[in-house]
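Just below is one structure, and these are the notes that go with it.
Going in written order, the chains are labelled A, B and C, and every chain counts its residues from 1.
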């Protein structure tokens, strides 16, 4: 028998007030998040003399595409973005899948030395890479593999500590009984991993894919050290040319180029966020 | 746990172990050795035993850099975790348009550190910057931010909060998996929203909070990029990594800098171990 | 399975791509590392192309541009035994690289050359490449500072412009700054006589009193009477408000913008600064006639102009040193046709070709070059400079009431003496 309750009027108004408050706070925060981006974008369209005008000019009085033209003249930004995409792609496949594999091992199994190994994993994130950077560079130079994407991409195929750590914690939110029934049915661990855990972990996997992509997109120092040829330049290297050694910064073109560099990442983000919709999962395993 | 299962677990983790042996172990051992030398990168390295460490502990710059960093960490870590958590809970509901908000709140995390710093350099400008201009609307005279020793820490904390949205993906990914019927049965038991959050949402998120806490500790102590661009009057912006970087690459004292890195490593490791020990008191394992 | 297959093939593809084109350099192939990037790099590549053409096969030079973190990548390459054959160094690092064995001692070739000898260079400039009596590189530029003047502001204030080769003192300079105090632009913004925000550097002010940082024999002169007198000039300019406040300077982006926007009457900038070029882009109202004057005179008679200079260094690991030096000379001579200003005596004739926009400044530039000066940049300079900035200059800029710059200067001088003893 169904019982329908009619919502009394004051609960309805309460809900409306909650909704308004909710959106208000959310929007104020969102505005704060967006303002710096807005300035970046608006600066890209300003003439040089308006960039640091006093008082601030929010909207350029005259739009100009001079900065964009200049930026693209100075650097083949689209080629550099393509290169970065290539490098990101090479890394994602390794980083995401292999990290998941390893995290699975750390979270669902007990074996001798596991805790020690996991602490070592955490420890590798604690030593600043600036001090291991040059020894690594020396090794890669001896191997003759500099001026390529190999030093940057190959380690990805052995997992990335941050991602492994995150996925391990994420897997720990799954109840034990997820594998139990599958084991009883005789499935081997690899199948359990691919058939059960991977699909269930989609949002987490999307998260680390996004991180992996952004990590590649934003990494200046690593790419600078290992890439020599201009044809292999990534977007960060291209952007770095807008500030010179002597301290002169081309603000307009720099903002324009940075804005161009952000576009692909925002698109990917828009695409990825769909997977974070709250699910309708229930406790208990589906048959 | 039976032998077969233990071996399977080990196999899953094997790629990471191989990766460590190939890519991490040798540079780390090299870095350990370098800490005991007077290596200048472009010159030769002479073994000097513990001299670097002795010099570090006698040097007031070391303590100053450590203090700047610790002070920042004490505030930034809880601030960002709580902000991140609150935002995530707000954004986990399926209200209209929440997808756009998710993108907006996450966007600060996608921009490269250098671009963020450059934009904030303008935002925090005492005369003309966005922040002081907004305060002026409310008839408040804004402080000199990065030019005032008392306001350098708050400046960096503002940047940290602005970027706090970076953690929301981790929480949203986990929140997606919180089974709906838990909330429903809680409603039936008469729980209100706040109680639901405290008794269901947060406990389910504790593994992710643990992740963000450890990562938060590591990033707070390794803070570098924005401080490198922005500094801060006097030595107020002299974070530990800035100090290290300066010794390594401006003073060409890589031996000393590497010793600094190991000290930082020890500090972070100690803190993480402490957090790890407390883990069993507050991190819930599913079911 | 499919995923594993894809991953492995990608891996092999990468390795294949990577190993393509990996050969060492022949004895007559030289790699030149530079921080030039963007448009500067294109100009640099043109210079290299001309050098290669003239070399006619005897040697070839290729370019490695390092657009960011130049010294990190450079030192990494050197440490990995893969140093470039030629590389640029700014003057403060030359002694350090020489000390650590990362630079080739070119004294013998330099002194015996038929083409370019030490006496050809302005002494102040060549000093920057000299260490322990030997030469470690060939300077390719002299960019000393001179004073850019906003003629409109001078007319507005009713002050006479210093002449292009004025023989004026620092007292006179400061007096002129005072004339601009209190003036405002059409929309009520403050106008200043000059701008000091860490630039010009502390060397400039120490020299302005006739002092110096380190004498040639290594004596520390930071706290000498003359140096303190020079610092007093800095102190006066800041405390009397003749320059915008330190916290305000960033509001226009950088210090040069203050001059460009007509907020500062006199700007101390390098001869290479491109104010004239930028003027071609601005509107009629924003444009103003730019005039020039040399740096003011110190009590020791010198109109010392800090010289930003850099040299081309040869790696000691280069195989054929004779050939390398030959290439170095050719490269340096070609650089003299590119950058303002060529650091050689008589090179000023080329200025009009190199920088046509700077024609009006020609007289001042030539005059200034004779006073181009570098400090004695010993390997310990980075530590000394750190102290001079954080403990002295920065605190002076903040104009804190109980800060005594003289006491601090003596402290730093003693620190330097102890440092150099070790």
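Methods note: contacts are C-beta pairs under 8 Å (C-beta built on N, C-alpha and C of every residue); 3 or more make two chains touch, one makes a residue touch a chain.
Here the structure is a predicted model, which means the values were calculated and not measured.
The greater number of contacting C-beta pairs, out of the two interfaces A-C and B-C, is seen for A-C. With respect to chain A, maximal separation of chain centres occurs for C (centres as means of Cα atoms).
Note: centroid distance chain A to chain B, computed from Cα atoms, is 15 Å.
Per-chain Cα centroids separate chain A from chain C by 39 Å. Per-chain CA centroids place chain B at a distance of 37 Å from chain C.
Touching two or more other chains at once are residues 41, 127-128 of chain B. Looking at chain C, residues 69, 72, 75-76, 79, 251-252 sit in touch with two or more other chains. With touch defined as above, residues shared between interfaces to two or more other chains in chain A number as follows: 52, 54, 134, 154, 157, 220. Against chain A, the residues of chain B that register as touching in their complex are 1, 5-13, 15-20, 22-24, 26-28, 30-31, 34, 41, 87, 90-95, 99, 101-116, 118-120, 122-123, 127-128, 130, 133, 162, 165, 169-170, 172-182, 204, 207-208, 210-211, 214-215, 218, 222, 241, 244-245, 248, 254, 257-258, 261-262, 264-265, 268-269, 272-273, 276, 285-287.
Those residues of chain C that touch chain B in the shared complex are 69, 71-72, 75-76, 78-79, 96-97, 99-102, 246-248, 250-252, 382-383, 390, 394-395, 398. Residues 40-44, 121, 125-129, 144, 147-148, 233-235, 249-252 of chain B touch chain C in their complex. Interface of chain A with chain C (complex): residues 48-49, 51-52, 54, 74-75, 90, 93-94, 97, 133-134, 137-138, 141-142, 144-146, 148-150, 153-154, 157, 220-221, 224-225, 228, 230, 237, 240-247, 249, 251. Considering their complex, residues 3, 6-7, 10-11, 14-15, 17-19, 22, 35, 37-41, 64-70, 72-73, 75-77, 79-82, 189, 251-254, 257, 261, 278, 281-283, 286, 308 of chain C touch chain A.
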